[in-house]
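Sharing a structure, written as structure tokens. Questions coming.
First chain written, first letter: the chains are A, B, C, D, E and F, and each begins at residue 1.
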Amino acid sequence: MEKIAIYPGSFDPITNGHLDIIERGLNIFDKIIVAILCNPAKNPLFTVEERIDILKECFRDNHNIEIDSFGGLLVDYAAKKGAHAILRGMRAVSDFDYEFQLALMNRRLNRDVQTVFLMTGLRWIYISSSTVKEAARFGADIDELVPYIVNCKLKEKFGHSCK
Amino acid sequence: MEKIAIYPGSFDPITNGHLDIIERGLNIFDKIIVAILCNPAKNPLFTVEERIDILKECFRDNHNIEIDSFGGLLVDYAAKKGAHAILRGMRAVSDFDYEFQLALMNRRLNRDVQTVFLMTGLRWIYISSSTVKEAARFGADIDELVPYIVNCKLKEKFGHSCK
Amino acid sequence: MEKIAIYPGSFDPITNGHLDIIERGLNIFDKIIVAILCNPAKNPLFTVEERIDILKECFRDNHNIEIDSFGGLLVDYAAKKGAHAILRGMRAVSDFDYEFQLALMNRRLNRDVQTVFLMTGLRWIYISSSTVKEAARFGADIDELVPYIVNCKLKEKFGHSCK
Amino acid sequence: MEKIAIYPGSFDPITNGHLDIIERGLNIFDKIIVAILCNPAKNPLFTVEERIDILKECFRDNHNIEIDSFGGLLVDYAAKKGAHAILRGMRAVSDFDYEFQLALMNRRLNRDVQTVFLMTGLRWIYISSSTVKEAARFGADIDELVPYIVNCKLKEKFGHSCK
Amino acid sequence: MEKIAIYPGSFDPITNGHLDIIERGLNIFDKIIVAILCNPAKNPLFTVEERIDILKECFRDNHNIEIDSFGGLLVDYAAKKGAHAILRGMRAVSDFDYEFQLALMNRRLNRDVQTVFLMTGLRWIYISSSTVKEAARFGADIDELVPYIVNCKLKEKFGHSCK
Amino acid sequence: MEKIAIYPGSFDPITNGHLDIIERGLNIFDKIIVAILCNPAKNPLFTVEERIDILKECFRDNHNIEIDSFGGLLVDYAAKKGAHAILRGMRAVSDFDYEFQLALMNRRLNRDVQTVFLMTGLRWIYISSSTVKEAARFGADIDELVPYIVNCKLKEKFGHSCK
């Protein structure tokens, strides 16, 4: 049976930390669905469509990755996609409680979906979409922190030119 | 002397975790005042009046429970009500620092009011008003997580029908 | 019904932080049993008998305090003494997980005994029996951290003279 | 390719919390090797041989589980067994830092072995081999916390009779 | 070479906890630049100009303190001012992860600027600009928590009269 | 006035993480005294004399570093050496509470000595003397984690040959 995991997130934008988790996840799962959570309450930098385009560009040669977006309950989405696992990266202690609460709520709602945690690589341990955006806003050099396409898109958004 | 504790909170809405703390608290205190904090900055799902009605429904047969709402400083409210303790539930490490800061500030303002912490039962350890609301919004089955009246009110708010 | 709490610990020796919790506890409970845990595995500075003598000296004018020692399961001891609560002080986040594990295990063994947490006063937040012993060993001035009798006994143990 | 994970530990003794992680792990991996770490420095209650016998008894009908023991570096052992993952359960925040340090050291030593974290079920979140042993020592009823065989062996060790 | 540190923050308003860190910092550094971060996203109680005036009043006799404000990246600002260190106070565990993330991001952007952490004095460990503002809003007595000038300005804002 | 800091520790053995903190510290202080705590209770791998020799070898060309050992209270030792600061590295949240307790106790004993925390570089964030020793014991390659001299000494201790 094919082992499918959902990797949910905002990905606004995707960072090298996310890429690292996906790469590790492919050692465990046959297929990973990178799923953008459509959350109307948040005020994102990139639209869902822009984020889907960026993700498709990042993974265009990787046939084990599917790009998608979803609303509603994560466990319902997982069931619909035939996934039996939710993939999450953990970076630091402050992530832990939130992740636990989420995972326990999800398990209560659907016992057949496991939450699987992988550790973000040490180089990415304190990098997040927010810190990357803040640094990019002020013109800091972040090309080692995000994929090339994200670096360009961030420069575009903030009016700098892409190298 | 009658031992009275204030159990302050938003209760938007009350969950089984809150009920559990109140029930445990009644082993320690003679009377518990469940006090809704009126916080104009927040954007609640239920109005203060709706929340008072729900709480009154939940505790209508319990004569050791008083339902109330308050604004201003918690310690001033406690003094006015003749309470010598503030009751708080603790669920997880992430609660700890915030609770500590609050308790220390309150003690500095009024040394005669003790903050008393009880542990939420294991079944409720990762349940909060927010996760319950989010799950209910998408039609998830939460009847084991909240009192019957809350389950009905949430279904009403989100346009589902109450079983 | 008289409300009785057990305050268990090693008390090797008792510090002002412990005294502070006991004093706060007396605002909540009618009687507190300060109960020395007899743990043969540990290598204490003071014998159980010495610790009982010190505690009796500290609380000789306080008729709401009982001094005792116990072995075996805490919840069995609490039931035997007619106590419905276990009193614990919390100082810092690092205490939290251990206290939680203990409290949950105790609740599983006897559901009728509540664990009640009070906050140690800010002045005592980072004082423990161990740090007090280590400081006293090297002749540091700790008379503000422990009761007078403990200060004298520590000086005796470590060959300093009591002021 | 068969996906094999090592589940290392002391298992002195195995608890229902461990069983829960193994069961969840079998949803992700094709085979799990439950590997007892032979650590001469520790002073275990059960010998390695006794622990192997208990584990074999627990999993005798499960052909996806292998029971083994090892010394030396975990990553060397994993490589020798053809495993590409180390399975770990996480219960609480206090586990997190230690697990992280271990996982990062292991990754530095062998980049091809992933550490995969699963969450212990809520019922087992504050149960450990140590608390189980301590409760059993004083005759507490722990038959809901450990497999039947472990319950019997613990009663034997501590001179109680098995139900 | 003169050792200069930047002490960045919102200082909305400055509290005795901040003063304590600055005083300690002067034992380590020859000069400290207290730098108000201009963050248009936040909705402050005092304008940047008001905050600069308050800080100038607090430190008018101290020639080792410079008051300034800045926008953009902290490390760029530090480089411009010839500072080789960023001074941060730490109060509690919940500060830790955020501070770490910030410090690591800053180091990645400019390796020549060290982040130096000092511990807030125990008396100020749970005091923040937010709790001070909330207490002042309801007329609580906070004159021991903030400099005299801040106490007056807060009373002015909230329509109480300054003692 | 010359700014002197004590960097206390067991250094059994020194790792690249310690070197990293010392190097950062030299940006802040004029002189750092690396001081081995003589703790008879611990059972070290290297004797105090061996550790002094290793440290002298590591810092033989650095005239701002003094190597020493001490017993008794750290603050007394600091006063004797004319140091006004204690330098500590912080790696992870689990260090925080212990470090805080130590720093507060030290401050209470001598208010003129500041504890200054620097962040360990990300590469060393989960490396400690213990993990290094454990890895070396089993012949793992640790030459990137410790100075060359330590690598050789560890191989000697554990019967491997130095490259």
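Rule of thumb we're sticking to: a residue touches a chain if its C-beta (ideal position, glycine included) is under 8 Å from a C-beta of that chain, and two chains touch if they have at least 3 such contacts.
The structure displayed is predicted, hence computed values, not measured ones.
The chains that touch both subunit C and subunit D are B, F. Residue-numbered contact pairs of C-F overlap by over half with those of C-D, the repeat interface among E-F, B-C or C-D.
Distance from the centre of subunit B peaks at F, each centre being the average of the chain's Cα atoms.
Taking each chain's centre as the mean of its C-alpha atoms, the one that lies farthest from the centre of subunit E is D. Ranking A-D and C-E by contacting C-beta pairs places A-D first. Taken over every residue number at the interface, the positions common to subunit A and subunit F amount to over half, indicating a same-residue contact.
Averaging C-alpha coordinates per chain places the centre of subunit B 35 Å away from that of subunit E. Centroid to centroid, with C-alpha atoms defining each point, subunit D and subunit E lie 48 Å apart. Shared interface positions of subunit C, i.e. residues touching 2 or more other chains, are given as 92-94, 97, 100, 104, 122, 125-126. Contacting chain pairs in the structure are A-B, A-D, A-E, A-F, B-C, B-D, B-E, C-D, C-E, C-F, D-F, E-F.
Subunit B meets subunit C in the complex at residues 3, 24, 27-28, 84-85, 90, 93, 96-97, 100, 103-104, 107, 114-119, 122.
For subunit C in complex with subunit F, the touching residues are 92-94, 125-128, 131, 135, 138-141, 145.
Against subunit D, the residues of subunit C that register as touching in their complex are 72-73, 76, 94, 97-98, 100-101, 104-105, 109. Interface residues of subunit C facing subunit E in the complex, by the touch rule stated above, are 92-93, 122-123, 125-126.
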